[in-house]
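See the structures that follow.
Same chain, two partners: chain A is paired with chain B first, then with chain C.
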Partner chain A sequence: MSLQHETTPATGQMTPTRQPSLIKRWGLSGEWLVSSALIYIGFVLFVAVFGFLFQPYPHTQTDLFNQLAPPVFMGGSWTNILGTDNLGRDVLSRLIKGVQLSVLIGVIGTAIGAVLGSFLGIVAAHFRGWIEEVLMMLVDVQVSLPFIIFALAVLAFVGNSLTILIIVVGIDGWERYARLSRSMVLSANQKDYVLAVRSLGLSNFKIYHRHVLPNIMGTLIVQATINLPGVILLESTLSFLGLGVQEPMTSLGQILGVGRDYLILAPWIAVAPGMVIFFLTLSIAIVGDWLRDRLDPTLK
Partner chain B sequence: MTRYILIKILRSLFTLWIVVTAVFFVLRASGDPLYSVFSLGTPEATLDVFRVKWGIDKSMFEQYIIYFGDILRGDFGTSFFDGRQAWDIVMERIPKTLLLGGTTFSLSVIIGVALGAVAALNHGTFWDRGIMTASVASFSMPSYFLALLLILFFSLYLRWLPTAGASTWWHLILPSVTLGLTLSGSIARFTRSAMLEVLRQPYMRTARAKGAPRRRQVIWHALPNAAIPTVTVIGFQLGWLIGGSVVIETVFSWPGAGRLFITAVGVRDFAVVQLFILMVASTVITANLLVDILYGYLDPRISVTGDSK
Partner chain C sequence: MKKAIDTNTKAVKPEILMEVRDLVRHFIGPRTSFFGKRKIAHAINGVSFDLYAGETLGLVGESGCGKSTTGQLILNLMEPTSGSVTFLGKDITTLNKQEWRSMRREMQLVFQNPLGALNPRLTIGSQIREPLDIHNVGDADGRNAIVLEMFEAVSLPPHLLERYPHQLSGGQQQRVVIARALIISPKLVVCDESVSALDVSVQAQVVNLLVDLQKKLGLTYLFITHDLSVVRHISNRIAVMYLGRIVELADSETLLENPLHPYTRALISAVPVPDPRARASRATIKGEPPNPFNPPSGCAFNARCPHADDKCRTVLPDFRELAEKHMVACHHAEALVGNQKPNLS
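Showing the complex of A and B:
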């Protein structure tokens, strides 16, 4: 016991916040993992952009004589490769449409959070004083409420449209960029290159735009990659619960929400979009980890 | 130290006040709540009676002052739907939520710490890689999808476990495993890095040098030291756990506060939604405060002004 007691101060110094990097320990053999993740992400992006060219049917087209038809590998026919849902709509067509909207919301949402958060972080670091206090207080507020609870309440009470959904999803995670950019700008403002351009009389806008931002951009982009899976999961969860994307539009989570009611009769409705989301978030997490190792050894 | 804690407590109270205020105004930005309760064509006179009864005939600001005063007196308002006290409605759901949350928490701490320790002790081997891959996979998996897969396999295919409700202990298994798997993934990651750090410390070399058996080194010297930072980090995961349980309670029809929240949000029941959010925020803020103070004790170098989170 005495030994344990003696060593307590030493544990206080540890910062377990540094996440072990998945890829570093994979060494060379990790290359295939990153490659397959990149290929899968590329494929999903391709489907999101050009998928409509291959979409067999309109995603809203119902066929009441062909409800809950199984996919080909479960004894179905080739007319609906991945089967049909409760209204006889083609699952593959809905999947393509769903990927499109999920990726769109995920990317725009992430961009909103990144731009908003980084901007506020820079503002806090530039003005210091009460502005910084207020912004850091907002960060505390954001951290104190699980975001999904806030999002559900806003979407249910304020109303639901694609724009509101994207904005709500975009707000998620802004505080991470704000903290990050604030601390990076604070340290950049002490560095020689900033002191030099400042003494040359450059305007604040030019200093941040031309000199500081390019230096912290890499870290912010890595952070955005790490946040992206969370944003995609948030949208899919909201849609699954029926408060996200609404019919006739569709997203992966929304298809899953429908599939949940037909789990016994037609498990393929839920399993197909679930697999797409899982492998997408997993691939982005793997690539984010890899980018962090490659581009930014300083990031936690 | 006292000053440090006092400032932290004041900040926490202030944060809570902002959450309560923001939620009050955001929820009311949606227009007249009466229209979600009554059907169209209800006579205005009837509506007016209820406006007065529920206190929504006054201006927004007056309502806020009254609401805030009521909270301070411990009155959280009545539900628009069954006219009962919001406090009673939420409180009768809390035991089930605590049961699920507590089971999930203990389950994932045990699994997470064990796996993290195994990974660290077998650093760089197949086991380490396998466990870390599983951990990344566990938080890339949408929890509701994992829930559906487990239902498909254990309930519909094997017919071992019930899919919905909370009447027996069997009902607890699927929801807590679903929630716990994700949480244990991140706990395993934290434990692993804390453990790797501990294994490098001089006292571990001492333990090895004095010939302590391997098992004693791990259980007696390494684990307790790795546990302290891990436990504090786990404290920050509480918010995540609450958010996740809202989803999982809905999927498994678990009669807890999270499912109540989803129902209340769907029918726009102000008092219940506000009280739930207030309770969640104060729980998370208290947990973060405790973790902060704990960190302050463990590492006296954390400055008063620095935001250590």
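Showing the complex of A and C:
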């Protein structure tokens, strides 16, 4: 990548020159791909938090005289920059609203899965015996069950609300964290430095807090960045299938689901949220890759 | 390597620091079939010895003979199946948590692989300091002063305190591990293959450092190793282990000059000698050590022993005192006294 940096004049524009120290400190000089991914993620987060300030119309406002208006670059007018949908709702406004909810679900859902799964994995590795066997059996059950079917069943039986949806997409991937953290804690507990402080009489809590967790955290964070796009896609899938976010709320997947019916007639409805999802998941994956290298002190 | 034995032997007082009696530890093997019985490995099979204050006891043997397990058992890092370990007048296998906490300060472990013994994410300084933090020794400034002092004692330059373990060389890492073990001034230090992972030249430095620190701080070492050429430079007494039992125990000089157990003889003659003609007179050792899941009847060494007869194959030899302070577990030890000195430069 450093080779590309020397030949790509665009780098200078993407990395602001005002704070070269920060760029250097984070090892970002030359990493134009990572830099642009970080900028894109920052932009999406900004839209999710402050987007309502720039939202041109309420996302539910319909205009039945202006249905399926094309976006500006396809010959439309500046009143609806990204065009309108089948009910004449402004796509840009809906997109901003959708990003807000999708990011919320993605971040909270990932956090739920990461915390729950890692915790259960650590519990299994710490107590061993039947606790470990039961937890790992649950993991095997979860792995062998297609999650989308599990999610559909839960949403169909328990009913649908935003809280339940977040919990369901959050549960997705817990088994991966559980397996990962269990195996890492098992091997960390065998490390001599853990044995050394244990023989000194350090409490279990402090051993985990000071010696085990910092050494497995990097891997878990990388796992979370791998999982985050999956959670966002899962939410999009469920919404696309009509079991996720319900009207009048909207999410990227839900807009995509609506756009599916007009793919030939008005492709912009589906393409806009699709592009956002595509670049978001790609950026998170790139940043995750980069983080994995950054978080390993032996690679510095 | 400098010979440390002669200077140390005089300092040895007959005061017993630790008494190990009939230590047994079994490991339970994996299930071979769903309804099958789990097999039991007799890792340690009745080990008894005394540790005198201020001495260095070398514990030697092949890999898998239970040396390291013995080390972990006497530090109570592992529960013994049976037997007792009396340290400073208390049986440490029955101590409760509170008593154990204060007892832990008195015994420390120095590991084989120094890089694995250091947390890759903490600086050297904070890791050496940690034992003081755990046991609340002094205040923050006092602790830092002790760390600096200890760092000097293991002859490391102070600027390394801010470094991370992977930035140090193997010898420096092992010095850090030693510093961490000694900083709370323990009485007993178990060195588990502490120099085996190092280069020969660095080995010598670390062994000398250990000897110096022993003199300065009055430490007692249990020095576990498979390497006889190292152990003779540091030990006052040597215990030889074979398949979970001590087969011979004597003063270093006696054991190396006049070994009584055939296994000890084989071990000693396996030490490389820088003399091409010495090769001919070597007592060789054939075969593999037996499987601890399925130990042979009688003497565990019988399958590989040149002197084995029917008695050896059926009756387990007692661990008896044959000469003064020379314990051995062999039916034929008397016959081997003085017989054919093994070649050792």
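Keep this in mind: the second predicted complex is superposed on the first by the 260 of 300 C-alpha atoms of A that agree within 3 Å, B and C clash if a C-alpha of one lies under 4 Å from a C-alpha of the other, contacts with A are read in each partner's own complex, and residues count from 1 in each chain.
The rule we apply is simple: contacts are C-beta pairs under 8 Å (C-beta built on N, C-alpha and C of every residue); 3 or more make two chains touch, one makes a residue touch a chain.
This is a predicted model, so every value here is computed, not measured.
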- Message: One more residue to check, A:167. First (chain B), second (chain C), both or neither?
- Response: neither
Exercise. Scan A:116 for contacts with chain B and chain C and give back first, second, both or neither.
Key: neither
Identify the partner contact of A:281: answer first if only chain B is touched, second if only chain C is, both if each is, neither if none is. first
Could you look at A:211 and tell me whether it touches chain B, chain C, both or neither (first, second, both, neither)? second
>> Tell me the contact category for A:197 with respect to chain B and chain C: first, second, both or neither.
In response: second
Partner touching more residues of chain A, chain B vs chain C, is chain B
For this session: Based on the superposed arrangement, let me know which partner A:158 touches: chain B (first), chain C (second), both, or neither?
Result: first
Contacts from chain C onto chain A in the complex sit at residues 75, 77, 100-101, 104-105, 107-109, 111-113, 116-122, 127, 130-131, 134-135, 164, 166, 177, 180-181, 184
Within the complex, chain C is touched by chain A residues 191-193, 195-202, 210-211, 214-215, 297-298
Note: in the complex, chain B contacts chain A through residues 11, 14-16, 18-19, 22-23, 26-27, 29-30, 124, 128-129, 132-133, 136-137, 139-145, 148-149, 151-152, 156, 189-190, 192-194, 196-198, 201, 203, 207, 220-221, 224-226, 228-230, 233, 239-240, 242-243, 246-247, 250-251, 261-262, 265-266, 268, 273, 276-277, 280-281, 284-285, 288, 295, 297-300, 307, 309
The answer for chain A against chain B in the complex is residues 3-4, 6-8, 10-20, 22, 25-26, 136-141, 143-150, 152-154, 156-159, 179, 229, 233, 236-237, 240-241, 243, 253, 256, 259-260, 263-264, 267, 270-271, 274, 277-278, 281-282, 285-286, 289
